[in-house]
Each structure stands twice: as C-alpha cells, then as structure tokens.
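Labels A, B, C, D, E, F, G, H, I, J, K and L are assigned to the chains in the order they are written; within every chain, residues are numbered from 1.
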Amino acid sequence: MHLLIINGPNLNLLGQRETQIYGNLSFEDYLAELREKFDHQIDYQQSNVEGEIINFLQESKHDGILINAGGYTHTSVAIRDCIAAIQIPVIEIHISQPQAREAFRHESLIAGVCQGSISGFGLKSYELGIRSFG
Amino acid sequence: MHLLIINGPNLNLLGQRETQIYGNLSFEDYLAELREKFDHQIDYQQSNVEGEIINFLQESKHDGILINAGGYTHTSVAIRDCIAAIQIPVIEIHISQPQAREAFRHESLIAGVCQGSISGFGLKSYELGIRSFG
Amino acid sequence: MHLLIINGPNLNLLGQRETQIYGNLSFEDYLAELREKFDHQIDYQQSNVEGEIINFLQESKHDGILINAGGYTHTSVAIRDCIAAIQIPVIEIHISQPQAREAFRHESLIAGVCQGSISGFGLKSYELGIRSFG
Amino acid sequence: MHLLIINGPNLNLLGQRETQIYGNLSFEDYLAELREKFDHQIDYQQSNVEGEIINFLQESKHDGILINAGGYTHTSVAIRDCIAAIQIPVIEIHISQPQAREAFRHESLIAGVCQGSISGFGLKSYELGIRSFG
Amino acid sequence: MHLLIINGPNLNLLGQRETQIYGNLSFEDYLAELREKFDHQIDYQQSNVEGEIINFLQESKHDGILINAGGYTHTSVAIRDCIAAIQIPVIEIHISQPQAREAFRHESLIAGVCQGSISGFGLKSYELGIRSFG
Amino acid sequence: MHLLIINGPNLNLLGQRETQIYGNLSFEDYLAELREKFDHQIDYQQSNVEGEIINFLQESKHDGILINAGGYTHTSVAIRDCIAAIQIPVIEIHISQPQAREAFRHESLIAGVCQGSISGFGLKSYELGIRSFG
Amino acid sequence: MHLLIINGPNLNLLGQRETQIYGNLSFEDYLAELREKFDHQIDYQQSNVEGEIINFLQESKHDGILINAGGYTHTSVAIRDCIAAIQIPVIEIHISQPQAREAFRHESLIAGVCQGSISGFGLKSYELGIRSFG
Amino acid sequence: MHLLIINGPNLNLLGQRETQIYGNLSFEDYLAELREKFDHQIDYQQSNVEGEIINFLQESKHDGILINAGGYTHTSVAIRDCIAAIQIPVIEIHISQPQAREAFRHESLIAGVCQGSISGFGLKSYELGIRSFG
Amino acid sequence: MHLLIINGPNLNLLGQRETQIYGNLSFEDYLAELREKFDHQIDYQQSNVEGEIINFLQESKHDGILINAGGYTHTSVAIRDCIAAIQIPVIEIHISQPQAREAFRHESLIAGVCQGSISGFGLKSYELGIRSFG
Amino acid sequence: MHLLIINGPNLNLLGQRETQIYGNLSFEDYLAELREKFDHQIDYQQSNVEGEIINFLQESKHDGILINAGGYTHTSVAIRDCIAAIQIPVIEIHISQPQAREAFRHESLIAGVCQGSISGFGLKSYELGIRSFG
Amino acid sequence: MHLLIINGPNLNLLGQRETQIYGNLSFEDYLAELREKFDHQIDYQQSNVEGEIINFLQESKHDGILINAGGYTHTSVAIRDCIAAIQIPVIEIHISQPQAREAFRHESLIAGVCQGSISGFGLKSYELGIRSFG
Amino acid sequence: MHLLIINGPNLNLLGQRETQIYGNLSFEDYLAELREKFDHQIDYQQSNVEGEIINFLQESKHDGILINAGGYTHTSVAIRDCIAAIQIPVIEIHISQPQAREAFRHESLIAGVCQGSISGFGLKSYELGIRSFG
C-alpha cells in the first residue's frame, strides 16, 4: 500500500522540545523505524499552515492517510470539509489523550469524517494507524 | 466595474469531487460563463490558506469583492477583521445553505461585516452576487 | 413565471418610518418598479400575523415565493414547518444583515428549509431573489 | 362527553402534502371515523394563527380538549398561559415523535400545563387522547 | 393626553379566571375606574393575536402607549421591532413579577425598546404607567 | 398479542409510598385489572438496575413493549441504544408529566427511539399504551 | 406613610457626572422635590457598600422601601436574601432600562423578591415608586 | 501477556441485530479469531450492568484491559473513577466513530483516564487495541 | 438508634488503592472503630451497582441512612427519586471535596433530597454524619 | 482549641425573622449553648459586608474557622481567594441545603478551597463543624 | 503627575502569605521602590471592601489610577460602573495571569471600561502601568 | 537583549486604514522609533498566515518575544501550543481593549501560556511590552 502521514502544527518540534514528555526521538527518526517495520510505502508531510494541510490532503493519491492535525483538530472546519470531500480513507492520530487535557480539546471537529481515530499511545499511535490498513 | 471573486478552502475541488451534488462544472468553466454574461472585469483568486485570503482582500483595488470563505466562514475572526478594515464592499457567497447543515455552520463570523449575503443557489449564488453591484 | 412576494411584520411601514435607513420608497412603489423590470407576474401579500403568513404560503399556487418573514424569521417553527411542507421553492429575503444586529437575530429558523437566502442589499434583495428564478 | 380537538398550524395540510409520511387521509375524514368510533360529541377547530388557538381554548365549554399545537408547541408562552388559566383538562397530541426530530423540538412549552401528552402514534394519537377521558 | 392601553393574550380573562390571584374585577371595570381618575382620553385594545397587537401599535396616533404583551413579552421579536419603529413612547406593563416566575419569563424581548417598564403592582401597574406620562 | 411491561427504578414502591399522589393501588393490583380488561397476554418485569432493564429488552420476544424507565429516562444512553437495536416496537410510559417537574426531567433520552410516548395520565398511561397496539 | 429610599453604588454621583445623560440635578435636590410633592415622610440612605445596603434594609422600620441597587442588582444574592427575609414591601427602581444595556444587566437577582419593579423613567421612576404605595 | 476485554451494554447483540451494519459475526466468534492471531491469553467479560463492569475492572489482575463501555462511555462517572483507581493500563475501544453520531456521544467521560483510545475500525478496533500492548 | 451506611461504587477499594490519599485503613476496619465509638447499631452495605443501592434504600427500615453514592452522586436521577420516595432521613457523605475536583462533580443530583450533606473530612465525614442523628 | 465562627449576610436575623423555618433561637443564644457543650474557646464575628468577612479571615489567629458565608457563598471570588491564602483550616457551614433551592445556589465558589463542608442540619451544622476539629 | 494605586481584596497579604509565589516583599516596600524610581506623586489605597474601592475611585482627583481589583475583577458590576462614570483614565493591573487560572477568572468585568490592562508581570505590572502614563 | 516582535493578521494595514482610530503612523515607522528608544536589538515579523506565525515562533532564538496575534488570539489552539512548547518568554500585546469589543474577543486562547499581557494602550502597548523585559 501507499500511505501518507500528515503532521500538523508544532509536530516538527518532536524530539527537540518537551523531550521529558515526548522523548528525544524526532519524527523523522521514528518514520525511519516505521518504514523498516512495514512493507508499505510511507510518504510524509508536515506543515504549520492549516491551508497547506488541506493542500496535502487534496493532492494525495495514496491508498490511505494518517493525519495528526494538532491544534487544528479542534478549530478547523476547513480541514473537516476537505477530509469529507476526498475519497481516500483518513485516520485521525493523536500522540496524547486530548480528552485528558483542557476542555477546548475535548471535541474533535475532524473525527466525525475520519474512518477511525487513535489517540494516547505516544508515537505508537501512528504504527497502530498503519496497521489499521491491513 | 472591476470585481474580484475569492474562493476559500476546498472550492478548487468543484467539478472533480462530489459531482453528484455540485455538478461536473469546474469553477474555472463557470467563471468563463460569468465573464461572458457580464461586462464587468472579473478577477479570480482561490486559496486553501486563511492568511492568503486575507492577502487577497488587502491587496484588492477592485470596486467590489465576492467571497466564499468556505469553512473559514465559521471560524475566522482574522478574515472578519480584514473585511471590516478595507473599504471595498464585500458580498458573502455560499453555494449551499449553511443553516441546513451542522450546527457549527449556523453562525457566520463574516456576515456581520459584509454588505450582503447570498446562499443556497448553487453556483448561481455568484451570478446573483455580481448582479448586486448593479 | 408567476411569483409571490410575502412580507412579514412591520414591512408595511417601509417608506413611512425610519426613512433615514430605509429610504422613503414604500414597498408598493418599489413593487411597481419590480413589475416593470421583469416579465414575471408578481403577486404581493403582507401581514403582521404569523398565521396569515402561513395561510399565504399554503394557498400559493405560484412557481416561486420570496419571503421576508421579519421578526418571525428567528422565532417561528410554524412558518418553517409550512415552507418544508409545500412544494414550491421559497427564497428567504432580508433588507438588512441580521447577523450584524443583536444576537437573537443571528439564527434563522427558516433558512434551513428555504432554497436560498439573500440579505443585506436593501430593497434590491427582492430583485436579486426574483433573478434567482431565472 | 363533549370534547374539542384543536389543531394548530399546517395540520390542515394532512392528506394533501407529504402523503408518503402521513397517508392520504384528511383530518376531516379521520374525524368522521373518530366520531363513529366514540359516543362522545367531538367538535373540531383548526387555525394557523396562534391567537386564534388561544381564542378556541378560551371559548371552549367542553369537558376536555385535545390540542396538537404543531410548531407553536415549542415557542408559545401565550398558549401555555391560556391552558394554565382555563379549568378544562387539556391533552397534548403529536402525530410524530418531536424528540426524534431537531433539537428545537425537544422541549414542549405546553406539556408542563397539560394533563397528559401522547405522541408518535400517527393519527391514532388522537384516538388514544380521547380514550384518556374514559 | 390621548393614551392607548394594549393588552395581549389571555388578559381578557381578568376577573373571570384565577380570581383568587387577580381579583374579580374585569379589565373593563378597572378601565372605567382609570378613566374617572384621569383627565386623559384612554383607548383600549385587546387581542390574543400577536400580529393584531402589531396592528394596534402601527395604527396608533396616541401620545403614549401602555402595553402588557402577556406571553408574547418573552417570544416576540416582531412586536419588539414594531415598538422600535414607531415614534410614540411605549411603556411595558406587567401585573405580576415575571422574574419571580419560570426562567423563560426572566428575559423581556420588548423591555429594551420601551421607554420604561412597570411590573408587579397588580392592576395598579397600569395606573402608574399612566402617571409616568405626567 | 403478547405484550411486555417493563418498569424501572422505584416503580415497585407504587401503592406503598407517596400514596396521596399515586393512590394505594400496587402495580401488581393494577396489572391484574389490566389483564382482565384486555385479551392480550401481558408479561411484567421490574428492576431498579439499569442493566437488567436492558436484559429484559434484549430477551423479549413480545409483539410490543411498554417501558416506564423512571429516572433512567433522562440519563441512560445504554437503554436508548438497546431500544434502537431490537426490532420490537417500544412505547414510552410515564405516570406523571416529566415536563412539569425539574429541568433535568425535560429531556427524554429514550423518546427519540420509541414508537410513541404517553405521559401524565397516572396508571391509565399504561392502559392507553396497550390500546396503542390495536 | 413612612418610606425609605435606598440608593446603591455610584448613585451619589447623580448631577455631577454624565450630566448630559442624567441631568445636573443631584439626588438630594430631587429628594427635596419629592418631599414637597408627597405627604409621606421620606428617609434616604446611600452607600457604595453592598453590606451597608443590607444593614439599611435590616434596620428599616418603614412602611415601604424603594431600592435602586445599581450594579448590585445583577450580582447580589445577599441583598436578595435580605429583601426576602424582612417583611416590609420593597420596590425595585432603575433610572435607565437595564434590558437595553449589556447582557449582564438583563437579569435582576432582586426583582423576584421585590413587590414591584419600575425602570426607565429617569428620576421619575422614584416618584412612580412612591405612588405605588397609595 | 494476560489481557482482558470488557464489553458493555448491548455489545452481546453483535452478529444478531443490525447485521447490515455490524456483520453477522458474533463477538465470541471474533474473539476466537483474535485468540488465534495473538499469543496473549485473552479473557472476556460482558455485562449490561454498569456496576458489574466496575466489578470486572476491580477484580482484574491482567496486564492490560480493553474496554468498550458502550452507552456508559458518555454517562458513567463511576466507571471513570474505577479506571482511575486501578493500576492496570486500560484502552478505550469503540466499533463506530462516536463523534460522527449524536451530540451526546461526542464527549467520553472515560477517555481522560484511559491510556489510549481507538474508535471507528469496526471489530478491528479490538485487534489494534491488543497490538498497542506490544 | 439503628443506622445504615451505604457506600457506592469503588468505595470497596478503600485501604487497597490510592493509599497515599486515603490511607491504608479499609472501610471495614473504620466501621469497626465507628461501632465502638457509638451506641448506635450500624449496618453496612456496599455495591458498585446503581440499582442495588436503590434496593438497599428501599429495603431499609433504619432510623437514618448515610449514603456515599460515589460517582452516582452526579449522574443518578434514579437514586435521587428513591431518596425522595422513602421516609427515612438520608445524609449525603463524601470523603473528599467534590467541588475541588472536575466540573462534572460540582453538582450533586442527590443533595437536594437529602436532609444534610457532609464532605471533605476524609473518613471522619461518616462519623460526623452519625453525630448528626443526635 | 481556639475556634472562630464567621457568619455572613443576614445571619444576624436568626431568631427574629422567618422563625417558622429557623426557630426563635438567636445565634447568640445558640452560641452560648455551643460554648457550654465544648471545651474549645469559640469566638464569633458577623458582618453583612463581604470585605469585613475577608478582614475577619485575614486577622484570625485561630486553630480553625467555621464560615457560613450566606449569599456570598455563590458570588464571592474574593472570599475564596482569602480562604485559599490563609493557612488556617476553614469549614463551610450552611443551615439549609443550598442544592434544594434556586439554581444560582447550586454552586459554591468557596467549597473548593474549604477543608470540608456541612449543610442542611439547621443550627446543628455548626456543632458538627466544631466536632470536625476533633 | 499625580497617580493613585488602588489594591483590592487580599492584596494586603503580599509579602506575608504564599511568599514562595509572590516573594516576601510587602506592597508597601515595593511602593517605596516605585516612588524612588518615578518623579510622579503616587498615592496608595487598599481595601477588602468592594464599596470602599468605589469610594476611592469616586474621591480621586488624580491624573490616573491603577487598579488591581483582585477577586472583584470578575464579579463587580458596581466597580465597572464607577470606572465608566469617572473621567480619570484607569489602568487594570494583575500580578498573575488570570486566563491561566480557573475559568471563572477568564472574563474581566472591568477591562472593557479601563483604558488599558497589564497582567502577568508580577509586581512589575504596576511599574509598567505607571509608565503607560508617559 | 535580542527581542522579536510578531504581528498577526491585518496589522500590516496600520497607518493605511482606519487612521482615525489608529493614527497614520505605519508599524514600520513606529518600529524605528522603538529602536531609537531602546538599546535592545528588535527584529520584526508580520504575517497574515496562522502557520507562518507559528514558524516565526519556532525559529526564534531571541531572549523574548512580543506577539500581537490579532484575530488568531481568539481562535488559534495551534499558536497556543507553540508558545507553550518553546522556552522563550512571550508577551501578548493588543493595541485596543478586546474585552471592550464583541463577545467573541473576550477570551484569549493564548493569554494562559504567555508570561504577561498588555492591551489597550495603542501602539504604546509594544513599548510597555519591551520595558517588561527590564
């Protein structure tokens, strides 16, 4: 399969900041591990810009997408609309448990249009998301 | 008159996705029809990026603007502030009826600073918006 | 085409009160202009009574209806139910922009069952509504 | 017993519109059936006007009233006040289940002052309401 | 002065129903007392129909109006709009204290456009309202 | 027909407590009366345990069910899900009028998935519910 | 009669500040006018301190009290409790129309325990309040 | 590893009801497949009773628990408290996407105390949950 | 006196879990201390099942009841109804201060029908509850 | 021990007003009884002024404080902040059950920073509060 | 310039309590430092009483005022009204960041009528406030 | 020190639009004044794009940052997350007083993670922000 991982705002800081929480593994390093573990071809895009995340989604020709929309999860009707419009199955990923945090993180605007959601397993959430494809 | 149409996120997918709802006419094709129908000079900009839509609004020297802000309609204080700051009359356009959809689409943050709003007429909403200029 | 314009409460005061805002054209005068401008046969009904507006809607055999429900826009489940029940396409019209006014005017109970909505263009909102029919 | 059935807005459309949902029996036809089935004298009033429904309630000298207030169920403090003021027992009737529909139909302003409520049984809700009188 | 008293829904029941609360004086009897007490010419209108109350307000050529809108106080944007549109000073009258009753009576939609409000003094609220005119 | 009545929490106290409100007839006595009045076979289950009520619903092979879920009416998503899952028509019954009581009783979580609802007629609500089956 | 007027916070500024709105009559001057106009003995207390207003209410042996609680109207459960506890009839007075101002002024915590409320008549609200006593 | 799967209300109906949505595989059959696929020892408990689910959680001596609390997900503070009290890692599982359904399913009371959440993958959600343990 | 203590969900874990907060005294040990300290006969029931707690309340013939409903405090209309129905005085007990915890613990559904409430004193809350009986 | 009882607004009326509810014992008389019953030295302060209650709290050098903040319980962030700032354990006392009264009494702003809360036992709530200190 | 600093409830505890957060500098000591640093004449008032803070504001003849209203920031309509009524520019000061604390501290009732607001800089917030005057 | 000023959407219009409110000084001109007034090295970035503001924050190696996030202040969880993630102290700046404007501007999503906030002083808010660094 040909898969795409899209990371949203601030996820490029993984491994550099708040390492006591998230560890000192960068997402690129983790991605290398993922690619070894799976036969799938796994592409990767990251952006802090809401509209670029929409661009990634629109331009994708993959068999499946994993999206960690970061802070946009709770505020972006535009990303929701995009996921609803494209035909590729999209999986929502979170490293932490949003429902264990502030009230404004308890509702996900995109969950309702994603095929499935996985949260709280640290970086392993991505691996589980990939496994959901087969 | 010199008019500008600004389309927000996902409106570049018109004619490609969800064609059973929106038809298989791309916005560019529809734009060609509009330009034939009117004597006005009609410019066109589309972006999935909230801030670029603000850029389009700020840079405009047109006599009037039609904006379909898509999902940003319900979440963007920044676009609202921009429309309030510029002196050009801005018309809010929607292809569908947002109030017939999910509750989070019932309030438009930008309607209150637009000169007028037109929604629900399919692509014809744009034509009506142009006619509002005279 | 055979069209019907229905005006709700207080719209009979147009041209007499608050003329600095709405001008000193009565709706009847404006209607005469509309009838000259279009080939359509345009009937007109006005009432301050919610239930009579429902009567007008139920009795209509027109090809299309334009309704400016005034204050009932925000409070009338009964008018909403009527528009949903009849088969004639109904267009929602407002002279001003309700979303630029008090919070209790931000939600329209009838928009969700109207084919389209036009607001904020002054009396010209009616003309645009008629043009929406072709 | 001498009973009164009051039907509110749009219920005069029964049998004419949305017949796939409500069947093609008019309320008058159904009333004839009811009158055959029961020894009670059953009067009938219908109006689309909120205030006329109040008039019917005030003028009633019946032993009991069945009211289907339609859309006014959810918005009319005035009908509620009237039911509370008269001494005749009033039964609230609905053909469909309001709580299975939009959120603005989940609260009945009149239920709290009615002796009982019956909803969801189609036209049979009226028959059950009559049986509640003994 | 030439004054108008407008009573809304169910106020025609005064003196007939719930006499333990409101006494057995009909409003007409009370009106006769008022007319004796004051030199003003005092007209009187009552209706259970929201739109007729709007008609009374629109047709008035009085120097001042006292309105007890009953249950419409809390639900009628249309009456509010009418009071705001006419130039005659309007005083809001209530026999009881709405804020001592159910929560849905705590907000008055019309108070904000009335010149003053008087509530809780029984029928004497009308007398005080008349005195407010001088 | 073969019918099942399910009573929820505290309804086993009928006839023993608050007899000034509910009378001193136990539900078992009332059930005997019901069985005499109808040709239907009427089974009866009562439990104070939410999950046992779900068990009763799941195990039922009846032609119809009457459920008075008591306090669980307003809090049980689980009972709602069960009613939605089984194919037997379920009627919601209440002895009193929940909408005349505290605000937390105004919304029924189960009404939306029941075929009909009957409330406020005292024990007679059950009889009316049975009659709804024909 | 022996009456007490209690003015709450900032009402000591009358006649000194915002004179374009409230005129340049101090409350003391107005009080002198009131005393001339009525045979009643009228005492007067003002304080900016919530608890002192409670003291005034508790210590009062008057036949009636007029209270303009100013900003405490909307926030003081303690003043509400005091009015409910004493047996003297208390009238709520406001110079302006609170419901025409910010949303946090739309609910009066004390109205529900006052015998009556008068607002919006400028200083004349006090005169009307006195007249309510006979 | 020694794992426990706890299924809440109505999940015992899998394979029998709504098979067009959930397929005709019973959970027991699916469990057999799971046990073949993994080396883990997988115990299974199901109950429609909230308190029994708490009992299962309290009595567990497993290395990890997967819980699909069904309708209790959105209403049970008691299950939340139990998960917070025990030291075993608990994973929240849902077959469907709760955020794509009614508003009362958008908040999970237990997610905030679970180590991770997986939803929307059909029965495969359980398999992914097991894989999260290693 | 003959008293009953009812403990709700998860309170059987006292002394085993979260001992750094609650100490390592089990409730049974604490109960032994209580029985020594008082002449009252003190019975004890614990259940994790909401409906069993209702059973305990219904079957009680004690002179007074102390109930710590745990998580059901905030969600159980059914327990509230039961306490309101029985004639025995019931005291609400909490070990911690619910209002110092999450927002969903700030409202107690049962406090309004309990004779008194005691919270925050650790296990000593039970002792104070017993002393409230004299 | 050296204890302080602080009573807030209107509690100085105990024994004088609403004696049918609260009895005709003044708090001073009750205090005398308390002082006889306990070896503790019990000081007493009462004020209707929110800020003086803060003064009492700040100036206290006692081993424990019992506070019945009356109406300020539900509105005073300032008293809350003071209790949080001082190191003396503070117990919240109420004579009645606030949660059995109006909705605006259901939330206590101070409970979250008090060591414990006791309500509903009449004057005995104070005695129980003193016993909480040992 | 002649400036006034007004400190509200509990700010007199600075330097005595919670010194690990606020340091052990009393406000008087800090004030001495401020007076050395600036040529302005700086007066100082502190009170725990809401109404006295209003008195300070009303009596001020200064060129500018800095107010830290403490807990009254979020609850005092009366202080808001006073700031709006006087003509002296008022600056809102907070030592901590209220929006980083409990939800009831997120809205400031006085910010909307203050010329500016400064929060979060510890005692330095006052110095910045003084510098805002020139 | 090395400082960074980040301006969000529409702040590039300063000096060109709404000059009657904001003056005709562009931010660049004001920046020149600031640089003269302080010894600090002051860098400047402006963008209308939410994600670019996040980029500026992430790439910064400054000793302190001043951010005026404009309309994103009230909608951007993503900017909040970024400020929380980086270790540089960030000061929130506003030219006007957001709490004096529409309700949707009363809550700042970023204030809770900023070291301090300064608003309402016009362009001088930036100068005060710089002074906060020493």
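Keep this in mind: contacts are C-beta pairs under 8 Å (C-beta built on N, C-alpha and C of every residue); 3 or more make two chains touch, one makes a residue touch a chain.
None of these values were measured; they are calculated from a predicted model.
For G-J, the equivalent interface within I-J, B-C or A-L is the one where over half of the contact pairs agree by residue number, namely A-L.
Subunit H and subunit I have CA centres that are 30 Å apart. Mean C-alpha position of subunit J lies 47 Å from that of subunit L. Distance between subunit I and subunit K, defined via averaged C-alpha coordinates, is recorded as 45 Å. Centroids built from CA atoms put subunit J at 61 Å from subunit B. Each of residues 49-52, 75 in subunit D touches at least two other chains. Here the touching chains pair up as A-B, A-H, A-L, B-C, B-L, C-D, C-E, D-E, D-F, E-G, F-H, F-I, G-J, G-K, H-I, I-J, J-K, K-L. Taken in their complex, subunit L has these residues touching subunit B: 8-10, 12-13, 17-18, 47-52, 70-75, 104-105.
The residues of subunit L lying in touch with subunit K in their complex are 97, 99-100, 106-108, 111-121, 124-125, 128, 131-132.
The part of subunit K that touches subunit G in the complex is made up of residues 49-52, 54-55, 58, 75-82, 85-87, 109.
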